[in-house]
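One chain, chain A, appears in both complexes that follow, with chain B as partner in the first and chain C in the second.
== the complex of A and B ==
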């Protein structure tokens, strides 16, 4: 695609956007450019100025990125507090002058969000605990034990990471149905209790353990359980925490599998509950948005609490501690 | 009984032979140093004794039993690692306590023994700190404490001082010797540092290429090195070695070297003849060479290294080979560039077969 053509496309795309959003994008673009220019220019200035300019430039960029990420969340909260007809008003309303808190009550009671959230937490909790246990056990075996076909088996574990979920979907469904787990908590959780990714992640953390520590523990008379609990796991804690959090978010956000493997409303999770809520409240966008906020709130709280662990898990091993 | 004995032990890793047919006995309460350059197999010997590796061949005894098939934790030995191998997430107290906990020692007894060891090693202050919050010296002592607290039959130490700075190393060296004498336990100590080897061990076993070259008291190894390797490895500055052909003149045998002919005593001449060596390496320690106008070797002074308490006179023979002479500071040193003659008392000469490296005579 030629550059001219590309610019034309961008212009056309911008033209089709709502004026308010277009202005926002243009403004954001200007701030990004300004920030970048500041960062580049700052390399030539005196050290003090350089540091200040770089700081300002960096913060400008961060502010824009933060706005881009947070704006949809903000709009969700705002829209949940508006009247139904205000939600679709043009230009969009960016601040609720008369917040309508009743939408939350409606979403909670009419959408049965309490039950759905409980289901989500039960299912997610079982999956997280199960995945952690199986990952740690498998990782321990792959990292510390010697047994026939160890490498081959590990490659097989890794290979499962390359297979998209959709490929195994029908097979899993068949298995679950034939085991009589259709429309049960078993069906919702058991297929996700072990993952190649989890075993891989924890194994890498275990392998980072110095060989001397293993030898020392062996001489100090630690058995497998003592070594795992007192030496290996504490060292691998960032990776295990990160796995737990990832596992939580992916389990909580599941939609297709819980939808297909359950038929009973009692068993359905909050992601499906939201879809039902949307279907039943076709024109009450504020209620749908309120439900969304309620469903996302637990995740948001968890994110704030575990943010440090999450980042540490992602960067673990990048810098020697 | 903290005796450790290896009988004809060999360890191969695939094609590589790390330890070759080693026989070594460490007596109860003995401090034995395994000394050698890196990669000579000394650490492997230690790991074999610990049970972290199993021998390809031969038998290992600790106390009165053969331990070949015995798990490391059942061997009743404790090891101090070069890296200290402290558990990073545990405080010093929990590190020291760990082996006792695994043995299911009662809690009170455990606490008492930890306190006791901590006091001996002056660790009481840092018991609640983690390794990351301690100095190198403190970490080293925690590693030592973790070994001592078990009261094992034998201690295995793998270069425990090499991560300390020079001053602390000297100090800790002395403390380790004192500690060993006080605890009266068997120690097998691995190092590549000849000073540690000479000062710490009751006996030293010098290793190279997976083979023990010589075992003996430090002075014995210094005064009577069994071969060229040991002669060159022990001593600083190293022994001067000149290689030449044994030549006979009027029935008297001398070694013809690039600097001149070196005369031998009658027993030395006999020994050289009996050995049948075609090339002979003559070794002389720097402190045994004299600047002597009647000396047989002609050389010129290249550099004088003044250390304050002594001078190292670095000389060069005609062919460029280096000979170091060690002079006490009180003795007047020559000037750089001077032509000198070098000599030594014949009984101070060490003779080796230059081809095999083996010592000739006593």
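== the complex of A and C ==
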């Protein structure tokens, strides 16, 4: 609607930048240009010089981009450790020389972050376990059992991915209210206990088994439960792990549904609680930032520990219906 | 190495459907059931395994979808309990041509255009830079994927605070302290929300692009290098063509994410200023919880469904091809 106006204003805004930030921008610009020039020039130089120059150029670019990507997270942590008047100091303080941890205590107790996090963990835990169980069960049926309407039902499962929460939330809110699940853990979890995506992902992994293995197991006297536990699940382990981590990330980060289905602090998840914290602590930026750190920490830890599984889940699905 | 779904006419085991062969006598000693009874049990087991999922889908996916379509034909009074009035197509027509809806549609399209291409290019840039065996590259990879761990609420609250017009750091840096907040400026609000969104999804874009790059065979790159292709030529003529399925996937997924955006709007702008960030999902939310008009909301929901349907259909097609597992 206003792209041209937008760029015009950005140009004017550049002239009014705070000096420190302008210096940073200029510095970053110089480094990026230098890095690019090194990368380009390196093609003409002698092999050893070329490799060194390319290396330096690449590192420069990597560092600058890493700083830009990380900065909002970095300043969040820094500001959470400052005193309220330091947070708003001009020029800004970019390193906490005397870290204050009291903001975390305030966010945890007064801001109810402890309760919010507990709720998030309960809700996320139930959703992840439920989704894994229903996905494995359904995937087992689709991959190893013969029954009428198998193809039709599989299409039904896939079709659920075409209906996002944003389309169903109105009616689901009515349903949850009439079931008496408004503002309860039931309301927060039950709509997400099964997904077509999960069943699909696990089925694909099960299909990786040689076709006659199930028959062979049956001949050996193994029942379905034994076959699932000893043969099928070990094979599907990477897929199940990817689904579990992926499902954890989606459930923990949910926003729209927990916003409308909860009404008080006892049940609010951390994403919603954070919004309320930000609106209630307008004068205590350090507390808002501390709350943000607390809200973000669980997923960061998971990211570092389970990066491989998460990547697998994200590259498979990335969006869950 | 990897196994894909078997062709349609084959069953799960990759064989043509055929009546199950009778197992040898040795195996039957365990349970002297007739094959017919075994078949029945298998069918019962299958339905039993599918039942929990089907229940959830019926109640929380398909019923609401049907009800939204149904409701879009009715004028719903603001108070529950009062009778609905059948309005036929008139409400649908009225909503679809209303200024508010068209504005939301336009804002949503703009939002997709601001976020998807930018995310794609930045993700690709980071992935290409990090796609090399360098000392410490693992650190950079983790940094570039890091925003995948920031939920939409976390990202939005960070930027909401940093953009605070009185004391926010970014307001200060951009020389706007004490002025109109970027988020209240009709010309900048949507751009600001888009920047936050691109940043929040950058980790995802990087991860998807990196995975795509890893699938480009190294010897192909080596061969092109030996042939004297520079970095640009390699990117343009070797990497990008090999990467096109990944790029396509990223566009589809990114578009779905942006079409369904809600949290960042709710936290950063609440649809304002002057509806300039009132994307479709937020407009629906607003119709229900502020305007108390379920009927109008239903029409917009069905519209949203039909728009995302185009993308999700493609996404499911792509999934069939993408999800293969190394063994």
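Some observations on this one:
In the analysis below, the second predicted complex is superposed on the first by the 226 of 321 C-alpha atoms of A that agree within 3 Å, B and C clash if a C-alpha of one lies under 4 Å from a C-alpha of the other, contacts with A are read in each partner's own complex, and residues count from 1 in each chain.
In the analysis below, a residue touches a chain if its C-beta (ideal position, glycine included) is under 8 Å from a C-beta of that chain, and two chains touch if they have at least 3 such contacts.
Given the structure is predicted, the values throughout are model-derived calculations rather than measurements.
Of the two partner chains placed by superposition, only chain C is touched by A:239; chain B is not. Touch criterion met: A:274 reaches chain C, while chain B stays clear of it. Within the superposed three-chain model, A:216 lies in touch with chain B and out of touch with chain C [touch as defined at top]. Of the two partner chains, chain C is the only one touched by A:207; chain B is not. Touching more residues of chain A than its counterpart among chain B and chain C is C.
Of the two partner chains placed by the overlay, neither chain B nor chain C lies in contact with A:81.
Comparing which residues of chain A touch chain B with which touch chain C, the overlap comprises 212, 215, 218-221, 235. For chain C in complex with chain A, the residues that touch the partner chain are 3, 5-6, 8, 11-15, 17, 20, 23-24, 26-27, 30, 39, 42-43, 45-47, 49-50, 52-57, 59-65, 67-68, 106-107, 110, 125-126, 129-130, 132, 134, 140, 142-155, 157-162, 164, 167, 169, 172-177, 185-188, 190-191, 199, 202, 204, 207-208, 210-211, 230-231, 249, 253, 256-257, 260, 262-263, 266-267, 276, 281, 284-285, 288-289, 294, 297-298, 301-302, 304-305, 308-309, 312-313, 315-316, 319, 322-327. Contact residues of chain A toward chain C in the complex are 1-3, 5-6, 9-10, 13, 15-18, 20-21, 39, 43, 55, 58-59, 61-62, 65-66, 69-70, 72-73, 75-76, 79, 87-88, 90, 92, 133-135, 137-138, 140-148, 150-151, 153, 156-158, 160-172, 175, 190-191, 193-194, 196-197, 199-201, 204-208, 211-212, 214-215, 218-221, 224, 235, 238-239, 249, 252-253, 255-256, 259-260, 270-272, 274-275, 277-278, 285, 288-289, 291-292, 295-296, 299-300, 302-304, 307, 310-311, 314-319, 321. Those residues of chain A that touch chain B in the shared complex are 210, 212-213, 215-223, 226, 230-231, 234-235, 237. Per the touch definition, chain B reaches chain A in the complex via residues 47, 50-52, 72-73, 77-79, 81-83, 85, 87-90, 98-99, 101-103, 146, 150.
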